[in-house]
Amino acid sequence: MIYGNLKVRKLKDRLAYAIALLCVFAAAAPLISILLDVLVKGLPQFSMEFFTSELPSPGTGEPGGIGPAMIGSMYVIMIGSAIGIPIGIFSGIYVSEYGNNWFGRSVRFLTEVLSGLPSIVVGIFAFLLLVLGLGGPTAYAGGFALSIIMVPVVSRSTEESLKLVPNTIREASLALGVPRWKTTLKVVLSHGRAGIITGVILSIARIAGESAPLLLTVGWSPFVQTSLSEPISTMPVLIYLYGTSPYENWINVAWGTSAFLVIFILSLSIGVRLLTRGRFAYSRL
Amino acid sequence: METNELNAWFGSFQAIKNVSMKIRGNLTTAIIGPSGCGKSTLIRCLNRMHEVTPKARAKGRVLLDGEDIYSRDVDPVEIRRKVGMVFQKPNPFPTMSVFDNVAFGLRANGIRDEEFITKQVERSLRQAALWKEVEDNLDGCGAGISGGQQQRLCIARALAIEPEVVLMDEPCSALDPIATSKIEDLIFDLKERYTVIIVTHNMQQAARVADYTAFMYLGELIEYSKTKRIFENPEEELTEKYITGRFG
Amino acid sequence: MDVRNVYHRLKDASRYAVLTPDGRFELFCAALASAIILIIIMIVSYLLEGSIQSIRSSGIDFVIGSRWDVNRDIFGALPFIAGTLYTSAIAILIGVPISIGVAIYLSEMAPDWVRAPLGFVIELLAAVPSVIFGFWGIFTLRGFLRDSVEPALNDTLGFLPFFEGNPTGMDKFAAGLILAIMIIPTVSAISRDVMRAVPNSQREAALALGATKQEMISGAVIGYAKSGIFGAAILGLGRAVGETMAVTMVIGNKNSFSWSLLDPGQTMASIIAINWWEADSGSLYQSALIEIGLVLFGIMLIINVIGRILMGRMIRLREGAVG
């Protein structure tokens, strides 16, 4: 019988379904475990004091807080955004609107290279350039490293959302005697706005959790710093240092920080998803 | 407006060959011909929109008020302000309201006087016979109205900057018959103030709205004269064949 | 050349020199875009400059030598290169089949009400920071591996060199597993997109020939999406190779290589993260760590270029099918 036994074929069909379902469970189980772990161990740490007070001394049993690390993370995210967002958006505009030449194609290719760069390598570069250059670890060096991670995410999402803007819209504006640069800024950008904002927010979510480059560039400080040219503590580095320490109160603080960071990052990602209703592909590379 | 030995290319393909025609002011001129004959390319050359397409170029002279728009010291942006354009598919800016769509050309050209803008928007919408329908919905989304209304919105948008010439590239091809007849009425009214050049694949439409008609074939201007003459007594055999539907 | 012509040429030239607003805007965008080129050039040159001391001192021994002795200034990075490739291979071996299963489920089998939310949740998890994966690895995964999984592997497969030794839960197996977990969201999301792009006519053709759903999937869908899935796996590999913190936290940090998964080890990224602040500025030690970064950069570049080429081919294929 050349068609094979129908019973066997049906069985194989069922089996395929079961295997696929099994894969879904295998994929979901660890991820659910991580989220549960982080929330169950982290949420009880939350209190007014946890978000405001200074980092605790090790092994003393004092609960302590993560105020300095939150402020430090805010510093590096702001510096990273201040450098990374403009470069990302305008290079994306260049590649999409003017990039049909060798320069545009090289920028595009190098953006891909940049997005595939291991974050630890970015950290080494920022260390060599700014930690050595400024004579020590600073918030500046960390923010700079994060901006390098941000640029390709923002640039590609800008480029992709501008490429979705139909040409008829550009022509409509040009035909009204509006110069090309104004057309780009006022018509094309406003049309691609949702996609660009999505990219920017996702890039912020991305750098908020980066730890390797910060480990090499911002140093550590248990205090709230008011100057950006000082070493600082940040949440991801805190999770690494405290989470791998033997002190119970530090480990608890690390769980609390993890919960806060996960909630922060996931609400950015979920928020932006709901906002744009899945019109734009989630940037995952 | 006048073209003089105008040629246009896409890469190495020549879409327009040596077209010379004199377009009379304050009248409507229709350009007809089978698809791919270069009629859209021709009018895109008249406001220098042709060169916006990658690898497209044009050579020759196009005179507007006696001045060559392809002369080196002419800014294409300036020309497009004087020669407005309405496209085949309605293309209102979807992110802007009805009002902002019409006001966009004014604002982007540096006009700040909001009172003037408001007046001008109303005037243009009235001219485009759209005012009564959108009067209460000026803040509504420009893409939220019907296709025929969208096209009239695009016409209003083109009129707002008070061009001398209005180019229309098959403005009714995406519309239903009722919307089409509204636009045709509108074109009839427009020639009081503007020179209208309309590309159409619909011969009845040309016969209805145009004072002059040009017939193009394979990038060449075959015949150009009064509409009546083209349709009743064409000189060229090719024109007659096309008009009577005995083509190919 | 007549005078008039020259005059116009000059005028043209001056138009570009003085710049119209259009030209100015384009130049502004181009300037910011060239920042990307500048960053890449600077990264490469700083890494090269920083590694030069180590390259001069160790030469080819750096990539083929397996002895890493900081006190004697002997730097052979082979154990870390091997560690990176080994753990990444484990991650691919475990992660990619699971990802393909997830993608098949999401694209071909899931009922509509499951499809969107499940796909959403899986994509979302790509956003969880790697340091949190590592932290979870130390506290939850480690105990689970040490007490249940690894003893079982050791008991049943202990005769193989890959599963010898004492289960500790902080070893190359843990690192490979955590990398697998981390690449699953990325790889399954891309594979699902690739499978969704398979035209329905292909599915219908298979079903109309009397194929079962499983035969349709393995014949029509997988066949069509193969190169795209391969590209997704390569991109997953890229992510695994470059991953730092999670691996650093669970791999046990031992500076030598062994084939046993139940032994601790070290990857290129983890040796840099662990030892960075130990090395004095300007020392040969620091230069060696920088050179590891350089080699890592090179490996990533190769992986990414291959991945992009495969993905690009897939996209062209898809466009061809549609148009």
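Read from first to last, the chains carry the letters A, B and C; within each, the first residue is number 1.
Heads up, the rule we're going with is that contacts are C-beta pairs under 8 Å (C-beta built on N, C-alpha and C of every residue); 3 or more make two chains touch, one makes a residue touch a chain.
Since the structure is predicted, the reported quantities are computational estimates derived from the model, not experimental observations.
The most distant chain from chain C, with centres taken as the mean of CA atoms, is B. Averaging Cα coordinates per chain and for the whole protein, the chain whose average falls nearest the overall one is A. Separation between the centroids of chain A and chain B, computed from CA atoms only, is 48 Å.
Look at where the CA atoms of chain A average out and do the same for chain C: the two points lie 16 Å apart. Work out the mean CA point of chain B and of chain C, and you get 53 Å between them.
In chain A, the positions touching at least two other chains are 179, 182. The multi-chain contact residues of chain C, meaning those touching 2 or more other chains, are 20. Residues 3, 9-10, 12-13, 15-17, 19-24, 26-28, 30-31, 33-35, 37-38, 86-87, 90-91, 93-95, 97-99, 103-104, 106-107, 110-114, 116-122, 124-125, 127-129, 132, 148, 151-152, 155, 179-182, 184-185, 202, 205-206, 208-212, 215-216, 236, 239-240, 243-244, 254-255, 258, 261-262, 265-266, 269-270, 273, 278, 281-282, 284-285 of chain A touch chain C in their complex. Listing the residues of chain C that touch chain A in their complex gives 20-22, 24-26, 28-30, 32-37, 39-40, 42-43, 46-47, 49-50, 97-102, 104-105, 109, 116, 118, 120-136, 138-141, 181, 184-186, 188-190, 193, 210, 212-215, 217-218, 235, 238, 241-245, 249, 269, 272-273, 276, 281, 289-290, 293, 296-297, 300-301, 303-304, 308. Against chain A, in their complex, chain B makes its touches with residues 47, 49, 52, 54, 77-82, 84-85, 87, 89, 91-96, 104-105, 108-109, 154, 157-158, 161. Listing the residues of chain A that touch chain B in their complex gives 100, 166, 168-179, 182-183, 186-187, 190-191, 193.
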